[in-house]
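Below is one structure, written out as structure tokens, with a few remarks after it.
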Amino acid sequence: MSLCGYAVGALGGLLFMRREKLAAAFSFGVAAISALCGLLGALLFLGGGAAAPSWQGELLPPLIPYIQLGVRLDGLGAFFLLVVSLLGCAISIYSLDYVKGFFGRRNVGVLGAFFNALLLVTTLTVVANGIWLFLIAWELMALTGYCLVSFEYEKSETRRAGVLFFVMSHIDAACIILGFLLLFQASGDYSFDSLRGVGAKMSAGKRDAAFVLFMLGFGIKAGVVPMHIWLPEAHPVAPSNVSAIMSSVLIKIGIYGLARVCFDFLGPPVWWWGVTVLVAGTVSAVLGVLYALMEHDLKRLLAYHSIENIGIILMGLGAALEFLYFKHPLLAALSLVAGMYHTINHASFKGLLFLGAGAVVQSTHTRNMEEMGGLAKRMPDTAFYFLIGAVAISALPPLNGFISEWLTYQALLRGFGATESLWRLVFPLSGAMLALTGALAAVCFVKAFGITFLAQPRSDAARNAREAAPSMRVGMLVLTAACVLLAFFPTAVVRLLDPLTQQLTGEHISGQLSLGDGLVLASLSEKAGTVSTVGMVLMGVCLLPIPFVLWLVLGRKAKTRLGPTWDCGQRGLTPKMEYTATGFSKPIRMIFKALFRPRRDTQREYDFSPYFATTVRFESHIEEVFVQRFYRPLRILIVRVSRRIRALQAGGVHAYLLYIFITLLLLLIFAL
Amino acid sequence: MLLTLLVLVPLLASVLCWLVCKRAVLERLNLLAFAIVAVLAVCLSAQVLNHGAVEVFGGVLRADALSALVADLTAFVALACGVYAVGYLREEERAGKISARLVRRYYVLTPIFVGAMMAVPLVNNLGLMWVAIESTTLASVLLVRFYNQKSSLEAAWKYIIIGGAGIALALFGTVLIYFSAAQVIGEHAENGFNWSVLITVADKCQPAAMKLAFVLILVGYGTKAGLAPMHTWKPDAYAEAPVPSAALLAAAFINCAVYGIMRFSMLASKCLGHQYPGNLLVLFGVASILVAAPFVLVQRNFRRLLAYSSIDHAGIMVAALGFGGKLGALGAVLHMVFHAVAKPLLFFCAGNVQQHYGTPYLRKVTGVIRTLPWTGGLFLLGAFAVIGVPPFSLFQSEFMTLSAGFAAGRVWPSALIVVGIVTIFAGFLAHMSKLNLGQPAPDAVRGSESPWKLGAMLLVAVPVIVLGFVLPGPLYELMHRAAQMIGDAQ
Amino acid sequence: MNPSAIHSASNLITLLASAMLVLQLLLAVQSMLITNIRLFALQSLMLAGIAGVVGYAYGAWHVMVVAALTVAAKVFFLPWLLQRLVRQIKIDHEIRPFVNMPASMLICGALTVLAYVVARPITTLDRLGSNTLAVAIALVLTGFFLMINRRTALTQVLALLTMENGVMLAAIALTTYGMPLVVEIGIFFDVVVAVMVLGILVFRIRETFASMDVSKLNELKW
Amino acid sequence: MSLNPPLLVAQTVLLLLLAPLVTGFIKKGKARLQNRRGAPVWQTYLDLHKFLRKDMVISEHASWVFSLAPYVEFLTALSAGLLVPMVTAQAPMGLFGGVLALVGLLALGRFFLALGGLDPGSAFGGMGSSREMTIAAIAEPAMMLAIFTLAIPAGSTSLSQIVLASQEPGWKFLDPSHALAFIGMFIVLLAETGRVPVDNPATHLELTMIHEAMLLEYSGRYLALIEWGASIKQLVLMTLLANIFFPIGLAAKTTMATFGLGLLYLMGKLALLAIAVVLVETTNAKLRLFRVPDLLGAAFMLSLLALVSTFLFR
């Protein structure tokens, strides 16, 4: 299916390396078509309903005797295939024109090849049916990701980000390898079929160890706080189409892995697993959005929001695990639906936002929001799409982010009643934090959209910005449409999730979730709460005549004219007087001072009195507390210890002989 | 016949090289010899695959799957290094770093080195195996001392003294093995020192002597393989030897030493059960990986960086052997093969960089992919291969090794190996990224690789890439049989 | 062969082996290079004697060959080579070792005890000269220690050679009639070549570093 | 559950008409407590009428977002109002969303209004947007927790169900969890409607205003819509507070009589709440911006305590 398509695309990209136009058209075109195939395949499968049997097969005859290339499409895999393919399709279309920005400067063929390869291995990861294939695809994902992140490798920032990304990816791979090996130890076979429910055969300690390892491993990939530090470094420096893929798809594969392992392999969960995931999710959500607020680099801001949304997804997942522990499969299914729904939602709006940001960055040549502004007039389409994305990610009705967060709230509220012990307080607290997260996200996107697209341009680059090229707009349009569809037809989406919940929790709940010909989403029953985005929109449309009628009746004679903005009687308003992104987030920075520990640096020069400064320089820095308190000290420690250890190899041959001699003596004394 | 020729052809080439002094003839003689050896090695493997173990001279020379495999690898590395050496030495001579006399010395010594290495897996007699390994050391010492510099002299001295001490212990171990078996095989058996005979009676050998012997062998041949803490000579020797010789040391010689350990561990396992030798092997393997890691992290010289990587890989091979079982044996053999295929590429690229920039210090080199595009790209590729990133095959063997560790219930050593591998990965990646990517210095000149160098690099790079995706049937069969043999002894 | 002959041969071998050990200890405290070389030659002569006794006792001609080879290579050729080297490099005195003489004596004693402890489980068999294994291990260990303790390049070579002697002692005395001849010849060949290579290196070190102190060879590190 | 068109129309009209009255009532009350006569209670209607008739000046820097914002603000407030049970226990549009949708809709309005504040490029607008969004963000968790305190026992997020659940076992206000949640929610109400300890609706000193700063560039029709929207929002929140904590007098059937009775009850409850607001506004001074989080933090803690106490007293 789509797999060969990607392979062809990758090869094509390489083949036409020298002829960039052809390479771009070919590789991204093929990628789009293959993604479409994947999309159809996934939809076809998921449309089959809860009882759909999984598709299983061998990808290729085994080329290496000990590596099985078995693939399997089941509910979980198909859903993620859907996510991957949807985004792959949209972003490929977007890339057709986007990469024209690289013509003459960079090798577009290589970009296309790696892009295809990335989609290929990502797809492989979700359909792999064995440890070998999964791990190889997993590591390849990191490798191709690294190559794509390092695409503009001369910049030391990019290079460092690439290395950080790859090293963290490798640490996560190491954790996952160890986790899988623990499972392998119990099952004795590499295929996923033999791993299903293998947790029941393991000792409690090993099961917990495996869970912790998987949580760490997949958590790093997903960007869960505090393992997220690579994410805001790596995602922004990549070309924007790659950032979009990474932020919307790649980190989701971490979620896929966690879901696969926790629900499919590890057997019945232990009570603290769910709580751990839930708390990790909550912390990620809140901290992710708080750090996002402090950013004025547009793409970094979006990257931090990915952390936030992963947190929200994990809340659903964690609640599902906890419900499974308390033997509430129905509620587990509800939580899982919430998490998975948010997964595809986040993929679509984050992809959209990154594509929008890519268009902006391409036409302004900067990622710094303080140098943008006024783009709504210059790039109206992009602005519109970005606004849709912004509303969606802020979880505001009637868009899709709201729907999935609504489901998450429902799951969390149920958690309090359905579970026992004091730990159940975690549920409403997470709910409250989810509210905080949503509200802060709204703050952040008011800032992101307002500073980037509204008011006057803050630099010449922004003043001369041009609307994005056609295919880029089409790409964004596809995702905008996805956001809207996901928002307006939640019951259809829930039906697509049936095979997944059936597989992982043994329940399918789309029937209980949909109401009123599928236009209303219910929380398992009508009494427990309902919501309908279509209804809300209809309501708005129906109410719309009111202001117009008022206008017609009363204000017909009123005129509208353009005038300058109020400038307090000064001589005109300049962009310098506009509110900045840094200024915008200042209240938040002050409120959460204890967390951010902002460092400020003010320099004044004055002639006769400090109150009449001629120039003022103000710098403010935020450093992440985890980097500051954990990662940097850790790195320094490792390097220092390594330097110490280096003294072992100080050059003296006598010392070297002594090592051997002591080894020999020790072995003779102790080992015989 | 094949077996004899495999050893004799390089030695003959050496003698011929000693007689002539024209560079073109020397080059051709070397290449010809290595090409013949490569062909012969492949023929030998085919023969072993079809007919099982091959013996000549009443079992003095003997080749089974494992020895055929090691011989193949040696031949492959020798050929690649031979091709590379032509380009490398020409450039060194042009740069005025070496004289024609030295070139000749290189071409005389290298075939001896290769011949001795070929002999290691092919001789059946353990005493002669020791002799062969010692001979490789002697030939390579002279190659390490190739450049008449203070530093190369220092490296050579450390190499031979440390190696000498180690090899003496190995000889002692070998003697003790013979002693432990002497009762069983009788006093006057002329072939009593043959491995193929010993393995049949190993389970009846005297265990106490076998234990001591194995400890001594492990320390002795471990020195040669570069297991920590006997590894200290490696960085010096690898960094000071001419690049093709260093590649031979790192990719081929290490196999010979590990081969020795494998043979003896089979004897020990059969005699003592696998627990005892397994423990020791895992101990040394894990120690090597962990010792190499910090040195990689804060390394300043990329040639030495490669040496620490090779210590790490020796550790992995030995640890895999120690984990044992079907998976462990296969892991060890796979790792040996994949490592030998990938390592020369790194050395070649490092050599190119060193020749182009005139320095082995990481600090002074950046942006190679711009100044030497082929080298830069392949350097990265090779680095990825060596640090165990898929699709390159070392990932497979490393994963197999870890599986073996878990299957054998040795969870903690496996976890430590993972820690070491990840640390080494981080260090390697950081260095390689700065070295290859990055903005070249403004005064950096764009260079190009000579066809010989490029050819050698491609000769290695192609299998590195291909092996990640396809493992040819016969090669796997050979490895599989070798692994089975090791596994059966346990 | 009658048991009494074997018995006396065994005694003789033990005696000679002990002599080797004593010579080794003397080597450990001696600092004149030329004397060291002569002590080594003497030790090798003892080894040759043991080989001769074994060869005679068992009537194994090839062990006699080994004895002859030992005499030729280790008693005459190598000492001669090394003495010439000493004259060439014009240094005849050991540089201060890391551990002083009495202490190194003590350490050598401890190593010998260790060797006996290690050898005990193996030498329970009633075999000809089987307790020479302990001596052999002791020779190897003290040789190794000597190598670590001495700074002079040449003494390191000598120490290496005494280790070699220890191994050969084990090879000849333990395996009752020695190893196959090809092996023995191979080993001799390798040892001789090794000493020649070492000799060249020693000479170069003296030339390049203007010293024989190998602890000064510490430029290559990390 | 089916839609009830007459109720829908009635509630819409009620929202539109009652909202300015509540605003006017509070203003009047404040004036009285300050010993002023104050403007008449229907002054707000007059203001709106005036605004609607006036010409508009739109900033030349503004984009379409500026024009969109007033409509969104007005419509979301109105839609949110339709989700709340006002005089009947059954909210007219309750099927389309419960309390979460209500909060979401209000947030959507605020989102666009903040964008509208940023759009003309004046520093005041930006400042207002920034502060408004910040305060709303920290108010939201407190509000959610307070709502959870009611929603969890009711087992529903539908406002009608919450109201019914509060009604059923009789007088619940003595329940400590309810009391705590009510206080928490009341503080949130003050913050959300821009009342004194948090914001001063009467100020026009640029540096202290929050909500008003956002509106600085709006005039004429747009200003009318925004002001109206704001008062509807205030009404909605007050109604919410009144009805879910004191669910008395809500009409179960939609006959004219019950409807009229319900309306009376509602007016009474609103009046009481408005008086409470007036009292708080008059007896307190505006807090410094960075003290506001402390207040809202207190609200959060109260709501949390409320939640814990439901847990303890069950």
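As written, the chains take the letters A, B, C and D, and residue 1 is the first residue of each chain.
Just so we're on the same page, a residue touches a chain if its C-beta (ideal position, glycine included) is under 8 Å from a C-beta of that chain, and two chains touch if they have at least 3 such contacts.
In this text, all values refer to a predicted model and were calculated from it rather than measured experimentally.
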Chain nearest the overall Cα centroid | A
Selected interface, A-D versus B-C, where C-beta contact pairs are more numerous | A-D
Taking each chain's centre as the mean of its CA atoms, how far is chain B from chain C in angstrom?
-> 31
Mind checking the centre-to-centre distance between chain A and chain D? Centres are C-alpha means, answer in whole Å.
-> 34
Centroid distance [mean C-alpha coordinates] between chain B and chain A, Å | 44
Chain B and chain D: spacing of chain centres that average the CA atoms, whole Å = 77
Tell me, which residues of chain A touch at least two other chains?
-> 646, 649, 653, 657, 660, 664, 668, 672
Enumerate the residues of chain C that touch no fewer than two other chains.
-> 118, 121, 144, 147, 214, 217-220, 222
Per the touch criterion, the pairs are A-B, A-C, A-D, B-C
Touching chain C in the complex, chain A uses residues 646, 649-654, 657-658, 660-661, 664-665, 668-669, 672
Chain A partner, complex, touching residues on chain D are 1, 12, 16, 49, 52-65, 71, 74-76, 78-79, 82, 93-98, 100-101, 103-105, 107-108, 110-111, 114-115, 118-127, 129-131, 133-134, 136-145, 148, 151-152, 155-158, 161, 216-217, 220-221, 224-225, 289-290, 293, 300, 303-304, 307-308, 311
What part of chain A is in contact with chain B in the complex they form?
-> 63-67, 132, 135-136, 139-140, 142-143, 150, 153-154, 156, 159, 162-163, 166-167, 170-171, 174, 177-178, 181-182, 184-185, 188, 190, 638-639, 641-643, 645-646, 648-649, 653, 655-657, 659-660, 662-664, 667-668, 671-672
Seen from chain C, its contact residues with chain B in the complex are 118, 121-122, 125, 136-137, 140, 143-144, 147, 153, 156, 160, 163-164, 166-167, 170-171, 174-177, 179-180, 182-183, 186-187, 189-190, 193-194, 197-198, 201, 204-205, 208-209, 214, 217-220, 222
Can you list the residues on chain B that touch chain C in the complex?
-> 60, 125, 127-128, 130-131, 134-135, 138, 141-142, 145, 150-151, 153-158, 160-161, 164-165, 168-169, 171-172, 175-176, 178-179, 182-183, 187-188, 190, 192-193, 206, 208-209, 212, 235-236, 239-240, 295, 298-301, 304
